[in-house]
Amino acid sequence: SFANLDIQRERRIGFPEVIYGEGKTAEQIAEIVKRLQSHSDRILATRIEANKAEKIQSLLPDIDLHYHADARSITWLRKPIDKKENGYIAVVCAGTSDIPVAEEAAITAEMMGNHVLRINDVGVAGIHRLFARLEDIRKANVVVVAAGMEGALTSVVGGLVDVPVIAVPTSVGYGAHYDGLAALLSMLNACAPGITVVNIDNGFGAGYAAGLINERMYKEET
Amino acid sequence: SFANLDIQRERRIGFPEVIYGEGKTAEQIAEIVKRLQSHSDRILATRIEANKAEKIQSLLPDIDLHYHADARSITWLRKPIDKKENGYIAVVCAGTSDIPVAEEAAITAEMMGNHVLRINDVGVAGIHRLFARLEDIRKANVVVVAAGMEGALTSVVGGLVDVPVIAVPTSVGYGAHYDGLAALLSMLNACAPGITVVNIDNGFGAGYAAGLINERMYKEET
Amino acid sequence: SFANLDIQRERRIGFPEVIYGEGKTAEQIAEIVKRLQSHSDRILATRIEANKAEKIQSLLPDIDLHYHADARSITWLRKPIDKKENGYIAVVCAGTSDIPVAEEAAITAEMMGNHVLRINDVGVAGIHRLFARLEDIRKANVVVVAAGMEGALTSVVGGLVDVPVIAVPTSVGYGAHYDGLAALLSMLNACAPGITVVNIDNGFGAGYAAGLINERMYKEET
Amino acid sequence: SFANLDIQRERRIGFPEVIYGEGKTAEQIAEIVKRLQSHSDRILATRIEANKAEKIQSLLPDIDLHYHADARSITWLRKPIDKKENGYIAVVCAGTSDIPVAEEAAITAEMMGNHVLRINDVGVAGIHRLFARLEDIRKANVVVVAAGMEGALTSVVGGLVDVPVIAVPTSVGYGAHYDGLAALLSMLNACAPGITVVNIDNGFGAGYAAGLINERMYKEET
Amino acid sequence: SFANLDIQRERRIGFPEVIYGEGKTAEQIAEIVKRLQSHSDRILATRIEANKAEKIQSLLPDIDLHYHADARSITWLRKPIDKKENGYIAVVCAGTSDIPVAEEAAITAEMMGNHVLRINDVGVAGIHRLFARLEDIRKANVVVVAAGMEGALTSVVGGLVDVPVIAVPTSVGYGAHYDGLAALLSMLNACAPGITVVNIDNGFGAGYAAGLINERMYKEET
Amino acid sequence: SFANLDIQRERRIGFPEVIYGEGKTAEQIAEIVKRLQSHSDRILATRIEANKAEKIQSLLPDIDLHYHADARSITWLRKPIDKKENGYIAVVCAGTSDIPVAEEAAITAEMMGNHVLRINDVGVAGIHRLFARLEDIRKANVVVVAAGMEGALTSVVGGLVDVPVIAVPTSVGYGAHYDGLAALLSMLNACAPGITVVNIDNGFGAGYAAGLINERMYKEET
Amino acid sequence: SFANLDIQRERRIGFPEVIYGEGKTAEQIAEIVKRLQSHSDRILATRIEANKAEKIQSLLPDIDLHYHADARSITWLRKPIDKKENGYIAVVCAGTSDIPVAEEAAITAEMMGNHVLRINDVGVAGIHRLFARLEDIRKANVVVVAAGMEGALTSVVGGLVDVPVIAVPTSVGYGAHYDGLAALLSMLNACAPGITVVNIDNGFGAGYAAGLINERMYKEET
Amino acid sequence: SFANLDIQRERRIGFPEVIYGEGKTAEQIAEIVKRLQSHSDRILATRIEANKAEKIQSLLPDIDLHYHADARSITWLRKPIDKKENGYIAVVCAGTSDIPVAEEAAITAEMMGNHVLRINDVGVAGIHRLFARLEDIRKANVVVVAAGMEGALTSVVGGLVDVPVIAVPTSVGYGAHYDGLAALLSMLNACAPGITVVNIDNGFGAGYAAGLINERMYKEET
């Protein structure tokens, strides 16, 4: 077979190998889904456009795949997940164009068994929108912030909460934005402490790290 | 002589040529000061460290030069300036390390005959400090914001006021800050409208542009 | 709804939220237009290609939208704007390829109630074209300069006028132009004082800042 | 006073403002220490070379400051910290030159009340050194990895543990390393999931985020 | 003719000019193949997509061209190659997306008369996959490692073998990967000694250099 | 000997090897001067600070070296040069800080036997200074333009003359100037035709190319 | 009209405004051609793909336009040009992919009245091809060198001739070539003296500068 | 102890850990030397300036260290090395300033038991110098080429030999050279096949890889 799947991954690090859809054909993804299914109870595939998703679904008529259009992701669950009841992860985004990345983070965290609260379009150009939701953000166990442009939302949130903040720069912007580089640098240089950063548009990575953190809390607790 | 001074500049654009001190010897600056003095009633020289300033003062014992340590600038006035009585320019900065740049802007604007209100160390890591001063900022005719790190203060201010905001990124930061590039990109990509940007550490340019704007308002008014 | 519109923006900073069309579908833009219409008397939507504009117009047959092809922008006005009678903003551009950006600036300023004088294709390769229009530029309250290539027009204009100059680098160029980076750096380093800069191709931002400045002058005056 | 300290920070986000020593004089740092002391029971000051530290200590003879040479940091505690007894944070570094950054992280986490296990000089050029310590790393609640050069250690650790990993690129390297940029990009692109990144050489930020995570776990638990 | 083929190349450096297919039309490639055929017994053409390959084959019905889909390469041999019997070159890759580049290297080395062992999808996120194949890698005369993302596989392999390692960064990745730049920098800065690097996606160059090295060994031996 | 001098250079390309002084000790330069002297009638050494020049002169008391402080260059001539009487090269610079680079160009051209006209400090911030000298520039056979900041002077000159223009960007500037990169990009993208560019601060290269051009004209003529 | 043509250009700098075809429609180009025709005897339009050229020709059936496919350029001449009989310009290129840029240079120089000698595909990978043509290159009055990849041909040529060399980097390459940046930097840093550089792919600029130089020689001569 | 030496390295990859002297104190280096001495018969320490070397020697009076000034390296051998008698490695450099890097490569290869032929200062500006030595270069088993500026020497050598070429870019250059980046890109894009590249100024890495290759040949042979 063309792929050497990391089948032990779930045992080793707690979550099975996630399928990165970009650059793979529908056929390849369908094959990997089939193989993963015999080793795991949950499957996550990201970066899949709507028409490719449809094709995958038609290739696997017997598997009950769920396509999340906003997150451009496919999920499959053998049985419903037991969500951890130790609170939630807040996934916050700055503008409507950042939603796909934020949703990728949210779906990832949910697949890991976390409750997620979504808070969209609260960028600093109209900062009252953020303050209107601040209490909900403060109550979260971890906060993911997705933002493009200059990514200033991250620093403002970081200065107002006492929980870990995971920043994901998005490629939303133009001109001297350089496909997310401006937001990335902004987040790496955020003046508020407690912020860590993942790669540009890496909603999966942000959701995954948030999930790991919340999971540890849960393990500790129980 | 080594320099071909732009003597007509005051007549042409309203303010005499400003001496950029970096890379010039005390002797050269002293000579330029003497020559400018015969054509203008006010002199501004920037980017001059304390010991160079002292040397210049000792070379020109008969000229009453004033050295502004924070702004690393020298000023001279034949007679007190008549300040424009149409309100003020707010010069806001994010952290204590941004003060030299903010002061360069403030002194420049004052030399152009403007009232200036200084508001220091109100960066977004502790955003309540900004809100505590918001009314004063809102009442200004123009706002200059100097910030290093990720420069998020600019976007927050830009979203809260209805006057022109001039952003000056500072080279304050480290690592992936690249001597102010992170802040510069952040400001160019600010999500709030009405913000324009000058070069990194260019307090002079920010103060000058702010002064020009306030001056036009004054002219219109009178 | 997918978008959390900043409805208070007009009250807070004097102009309603502007729709950035790139990356939004005709349907999304039409929906936002409808919602904004109930809160404001004027709507501006930028970065909209001709065919998308047509689609939006057909989705909103009852709303009298105006499409400006050069500026790739849509405007809507409940009633004609009262233009401020305190002079005009000059919008100058270097080459014919810079016109879309210049027009975006001009339309934005007009929507804010300013008179605009357009001066196109006066780049420094044939500098006599600029001098032929210099008196008109000098009489403006604010000057916007849009230029690609090496952006030298900005410095030349900046050295000849005593009003604020807002420079907008365009992505017009090739090779080591890097989609406008060469022009951006050139403008940030302009040797003439009084120049501030907006992001590459950000005609909207330049027009908006120019509008804010001219507006303040007007307020002062009246 | 020159600085507008964020005195409410401890109340708001759980830890007092940390003094960033670079670019501040011994006198300025001493003054800030004195002011912070009246609001908090613990003080942390980073990026302070040995001779500056000595000068600060001599300026504050009555305050029992502790200087950590490897971490280039000063700490002060009114009373011993009660460490959280829910396990430890592992701070791992690749080469001996990465120790100062790793130590800054370790000291920061300790000041927040965490137990820290230090594991130095286990870079992938001799990967058996890492495997020799793997069990201890796996038992940590959070792992900080500091590495320069190509930062490959981060990916290897990330693929072997099921806890959050915080990567801090160091500026250790030469040539096409670009003061840590190579390591930074490497970490942002790490193929193992669950890794988040802080700015180059930002040991403080890594330790702080690790501390926040461990703290949440502890809170949950108790 | 449009091309000035380097016909003496085989005599001078031991291998005929290789056709770089990108940017050439099927007709141009077919013509070059015909001309090379009269000077050499083997032809290699790289960077040719499947449909262009088909067109070339139909233009040259009398020539027995072989298309390698994974390697996007065409080969032709007048008579079977005598492979050197002094061992093999290992071509290792990190993920399935790196296979095209790895295959280009493998085919190139085979065309030079080397035995090649392919080891795919053994990236460090699941490092046990690499250790499972380590003995085979260690027995090679030269190792080629193709990897995208952060390219950490190179450093790990480099630290475990005592033969020359040739690293080829691939453009596989996203965000701050910059089309392979992250992997390139990572490999240039690899902490293990004995690694040399070729251009991004340059499978041909890696395979060629590996072939040259193995060939020299063979020559020495015989 | 450590250096393998290109003794045939004068015969091959018309001018002897020039000594690049940066990074060489006074002793090394002195030794090279001695060796060159036996093969050529003229010697040029550039990038030599005043104190190193003095040391070289004291090491070679019998050789009549001439030090040009502005150009940071040493010259030696066995006998006076016969200058070509076919007109002159104009060397123009934008600001006083550009003079060292302009002088390096001028001295180089003079050593090649050209008449040089120097025109300093005529940058576009005060463009009337340029127009005041335009006739002299237009009469030149070739024009060298040295400028830092945004380098706009090059484009303006290029648009006004019908002779070849050689642009040399200088590292004069700060912030987003990047040691001359802003000026370099500006010159490469100059909108006026007929401009070619040399490396940042490469006054020697500009003067040499100008000299070659003027020389060819002279040869043609005679 | 949309364009403000620089009609005086031919009188001012000796050659009429050249039409840069990229980004202009066939209709726009046709209109400009018509307008230029009434002011000049020769027209050059560059960067025009074959199908656009055909459309322009069909829009202007009465004008005898000539399309040069390799150079992607259109020329028109009212009457045959009198070529200068003082020798020729050599246009040399490294690989077959560089031919379009080299041809743009050659056509431009020919339109200015110069004889041009084309020497293609003599890159340094097979340096004997260059030496085979060296005498012809040495006899030229000016040499244009177009090269992509690492651009080494420029330095080799520069070290072998005593005439001005104009280097034009092409965007031919891949990976860490960055669309010609590698070749551009290589040429700016060429170790041979007498080389000047134009923008990436700017064949027009190289040909124009070469033409200016040869023209001056001719004027001097006659 | 502060360092976790990779003591098994010699057994694992055939050569003991090399001490990278930059950033280490004389005391630290002396201590590492002492510890390595008990595990190996040869020690190599690089990047050590003359005065640091002296200090190390005085700290270890009983150990017979040899300092190589040109290579800035220290070596120690318990007994003379048996050089492999299968030919030599050629170490070629472009200019005298590249000698330190070339020497680091040469010393490293010699410490691995290889014969080395040094060929200095044969850069392409005077290419006859290279041809004069070509036969010696062609007879080598491997060639190392160290070059700064535009690094063109690498491509020329690569096109003339049929053995592996290892290119090491040096930071020699100025302006748009970017501390070796121009040479690095040039080498990665070299048009001749068979060239691999190491990090900027990494003479050690080049010598080590060359040594590994030559060693394999020797092993094969015997």
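By letter and in written order, the chains are A, B, C, D, E, F, G and H; residue numbering begins at 1 in each of them.
Everything below uses one rule, namely that a contact is a pair of C-beta atoms (placed from the backbone, for glycine too) under 8 Å apart; a residue touches a chain by one contact, two chains touch by 3 or more.
The model shown is predicted, which means the values in this text are computed figures rather than measured ones.
Novice: For C-F, find its twin among A-B, A-E or D-H: the pair where over half of the contact pairs carry the same residue numbers.
Specialist: A-B
Novice: Would you mind pulling out the distance in Å between where the CA atoms of chain F average out and where those of chain G do?
Specialist: That pair's centroid distance is 26 Å.
Novice: Can you check how far apart chain B and chain D are, centre to centre, with Cα atoms defining each centre and the answer in Å?
Specialist: 36
Novice: What are the residue numbers in chain G that touch two or more other chains?
Specialist: Those would be 12, 125-126, 159-160, 175-177, 181, 184, 188-189, 193, 199-200.
Novice: Provide the full list of chain pairs in touch.
Specialist: Inter-chain contacts occur between A-B, A-C, A-D, A-E, B-C, B-D, B-F, C-F, C-G, D-E, D-H, E-G, E-H, F-G, F-H, G-H.
Novice: Using the touch rule from the top, collect the residues of chain E that touch chain D in their complex.
Specialist: 94-95, 123-127, 149-152, 154-156, 158-160, 173, 175-178, 181-183, 185-193
Novice: Quick one: in the complex, what on chain H touches chain D?
Specialist: Those residues of chain H that touch chain D are 2-4, 6, 8-9, 12, 17, 22-23, 171, 179-181, 184, 199-202.
Novice: Where on chain E is chain H touching in the complex?
Specialist: Listed in rising order, the residues of chain E that touch chain H are 12-15, 18, 86, 141-142, 159-164, 166, 184, 188-189, 193-200, 204-206, 208-209, 212-213, 216-218, 220-221.
Novice: Once bound in the complex, which stretches of chain G touch chain E?
Specialist: 96-97, 99, 120-122, 125-126, 128-129, 172, 174-177
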